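Just passing along the structure, written as structure tokens.
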Amino acid sequence: MERKKLISDDGRRLDGRRLDEIRPIKFKIGVLKNADGSAYMELGKTKVIVGVFGPRELHPKHLAVPDKCIIQARYHMAPFSVKERKPPAPTRREIELSKVIREALEPAIFVELFPRTTIEIYAEVIQADGSTRCAAISAASLALADAGIPMRDLVASIAVAKVDGHLVLDVMDEEDKYGSSDMPVAMMPSKNVITLLQMDGMLTYEEFKKSLELAKKGCMEVYMKQKEALESYFKNIKEEK
Amino acid sequence: MIYFSQRQIVVPGFVLAEGNYETGRNVYKEGNKFYATVIGLAELKDKIINVIPLRGCYIPSVGDVLIGKVIDIITTAWLVDIRSPWNAILFAKDFFSKPIDIMKEDLRKYLDVGELIVAKIISFDRTKNPVLTAKGRGLGKIEKGTVIEVEPTRVPRIIGKKGSMINMLKKETGCQIHVGQNGRIWISGKNREDEFLVVEAIRKIESEAHTTGLTNRVYSLITKRRVVNGKEKANI
Amino acid sequence: MTISPIPSLKKKQIYELAESGKRIDGRGLIDMRKIEINTNILDKAEGSASVKLGDTYVIAGVKFEISEPFPDIPDEGILSVTAEFLPLASPLFEAGPPDENAIELARVVDRALRGGKAINTKKLCLIPGKKVWTVWVDIFVFDHCGNLIDASALASLCALLTAKIPKTEVIGNEVKILDEYEPLPIESLPIIVTIAKIGDKLLVDPSLEEEEVMDCRISIAFVEGKDKQEHICAIQKGGRGSFSYEEILRAVEIAKVKSQEIRKIIPCGGK
């Protein structure tokens, strides 16, 4: 059976996007009352809610570190977030993603300011349509800002895929499934450094370089939206009647 | 070169300035550039760049008077939640005015889990937990009244310039109000209605913290409510 | 930021207020908090709903799966309810498998839906003894501000009401899933109302602060039967305290009235 064509002859993707176009982004900040900071993100049909607690004392105490704060992150998918119901217990994939998400955010946080404590980051994917880890990272960065946790920069994230021989920005589910490579990237945009980089599939050196450039452009776009969302949320708080 | 206007909202990583300035609160320098570390309002005063935070937990500081909640009792001390990343310790000797035999006495009898205290921080340096004292004028166990929590970042506004806001609240409601630096506020009045009026006023200050003319608006809220409450009483 | 008990001062205040018929958030004793229901919020779930009950926030999602029936009811589909108390919902929740509270909640919701015959499970049988539909209801708690049971039951019911199940064609021993959908056979609307006991007062829809200091609680589910009468379809007493005989009856009376009120605001998906 012939596979569905993912890129049309005039360079449009299945949802009508151009190759270097990201999906509509929606951020909401302060969506949860109990969490110290929280944010919701829609990246196209991907929907993620992130809550942050801390810094607070770490229990059991022997896990605490004398000179810095321990970052804990959990990435988790709801059973109803995907087509085939996913049992709620964490899978190996979710455990790996939790680790890379933590390591994508940690470089931004001034962990040395809070010795012997922990910051917990919980990302819940309620609908998955590709690039869920990117959405989790971008939203988590806003939740951390909402918690007032000191950071060097926000962290913005986006994925690049190779689909039907073309490099495309902001990968959705079908492109991820049928594409020939997937490369999620996270950056601290004002510092111009990369904090997450994963790749699977096959790319030439030239393609890789191009993918990275494309990811950088995407991260900048996400970053602009993050800034806008934070500024307008806190402006409203400031001016609330 | 300054890249913000006075009291502009900035986000973590925002490039505030380049060149010959000094880092104040919530600002860091890398190379020649100054960046914000938190979401807040940027301010430049005498070459010093500050970001006034809009969110964040309470960071202990020696000399701060705050309201703590007892969460555990260890043989010679209480463990106290002060809404900071670190729990505070209150040693028995810093609570009792007369020496007592700790081995014989049950600390729980004097201060139990769940009870609140007004206390002062006597030592803290991030490597060790903050230590409190509850001995001294205005310090000690809270026995009555209402205690509420506000964002710790809103505390300066609730107190007001030179105490203007808090003094007005005290005067107009007749309540005693103790604002802990950690965002817990103890209100003690003649009756619950007076206390709830203070709570309502504080909630208003909290949500409009960074606007102008706030003291006047809070004042008129109180007078308005008092008229209503007065009428209710007259009807009875 | 730190886990700690509710101040004894506040506990005293909650009891004092209840004594004079008042509550710390200004509600009357039998007032619910504001309820906000949103349905069909997700595309990948076959049915979905979010419920905000005050600041308590839950999402329920419905998924379908073809499975083998239970041997004792070979001609009925299966309803399966799970609940996750997500660690972001409360400083007290931890990541990990559902604890006894989450399991209790899921089972109470399950009993209300089952006892109240919300779904006609006979219509979910595909090949008797061999293949039936399993209806999964997964409850996710995002913000725990008290009374998770009522919010979860309501979200589950609303998610089921909006759910679309694929039509099927049975050929011999094979089930072919078609690309056409129909609503689930929902036949009644069980509603759970939880009532807390504080001193000798009964408080509807306890907030988190009230739950933390209450003596005990009782959750009662009501459903309108085919006879147009209100029937009790599930009960769960929780907490360490006890109710008097008279208090139980009073709670049931209150729950009956409140459940009817709540049923009126359900977006009924055609019903």
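To keep things simple, chains are lettered A, B and C as they appear, and every chain counts its residues starting from 1.
As a convention for this text, a contact is a pair of C-beta atoms (placed from the backbone, for glycine too) under 8 Å apart; a residue touches a chain by one contact, two chains touch by 3 or more.
Quick caveat, the model's predicted, so the values are computed rather than measured.
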{"item": "Partner chains shared by chain A and chain B (touch criterion as defined above)", "value": "C"}
{"item": "Far-end chain from chain C, centres as C-alpha averages", "value": "B"}
{"item": "Between chain B and chain A, distance of the C-alpha-averaged centres to the nearest whole Å", "value": "34"}
{"item": "Geometric centre distance via CA averages, chain C-chain B, whole Å", "value": "39"}
{"item": "Whole-Å gap separating chain A and chain C, where each centre is the average of the chain's CA atoms", "value": "32"}
{"item": "Where chain B touches two or more other chains, by residue", "value": "57, 85, 87"}
{"item": "Multi-partner residues of chain A (at least 2 other chains)", "value": "36, 54-57"}
{"item": "Chain C residues counted as touching two or more neighbouring chains", "value": "1-2"}
{"item": "Parts of chain B lying in touch with chain A, wherever the complex brings them together", "value": "9, 11-15, 26, 28, 30, 35, 37-39, 53-57, 85-87, 126-127, 153, 207-211"}
{"item": "Chain C-touching residues of chain B, taken from the complex the two chains share", "value": "57, 69, 71, 81, 83-85, 87, 112-116, 142, 144-147"}
{"item": "Complex interface listing, chain A residues touching chain C", "value": "32-36, 38, 45, 47, 49-57, 74, 76, 78-83, 85, 88-89, 120, 122, 124, 126-129"}
{"item": "Residues of chain C that touch chain A when the two form their complex", "value": "1-2, 42-46, 48, 55, 57, 59, 61-63, 65, 82, 84, 86-91, 95, 97-98, 136, 138, 140, 142-145"}
{"item": "Of all residues in chain A, those that touch chain B in their complex", "value": "36-37, 54-57, 66, 69, 108, 110, 113-117, 145-154, 188-191, 226-227, 230-231, 234-235, 237-241"}
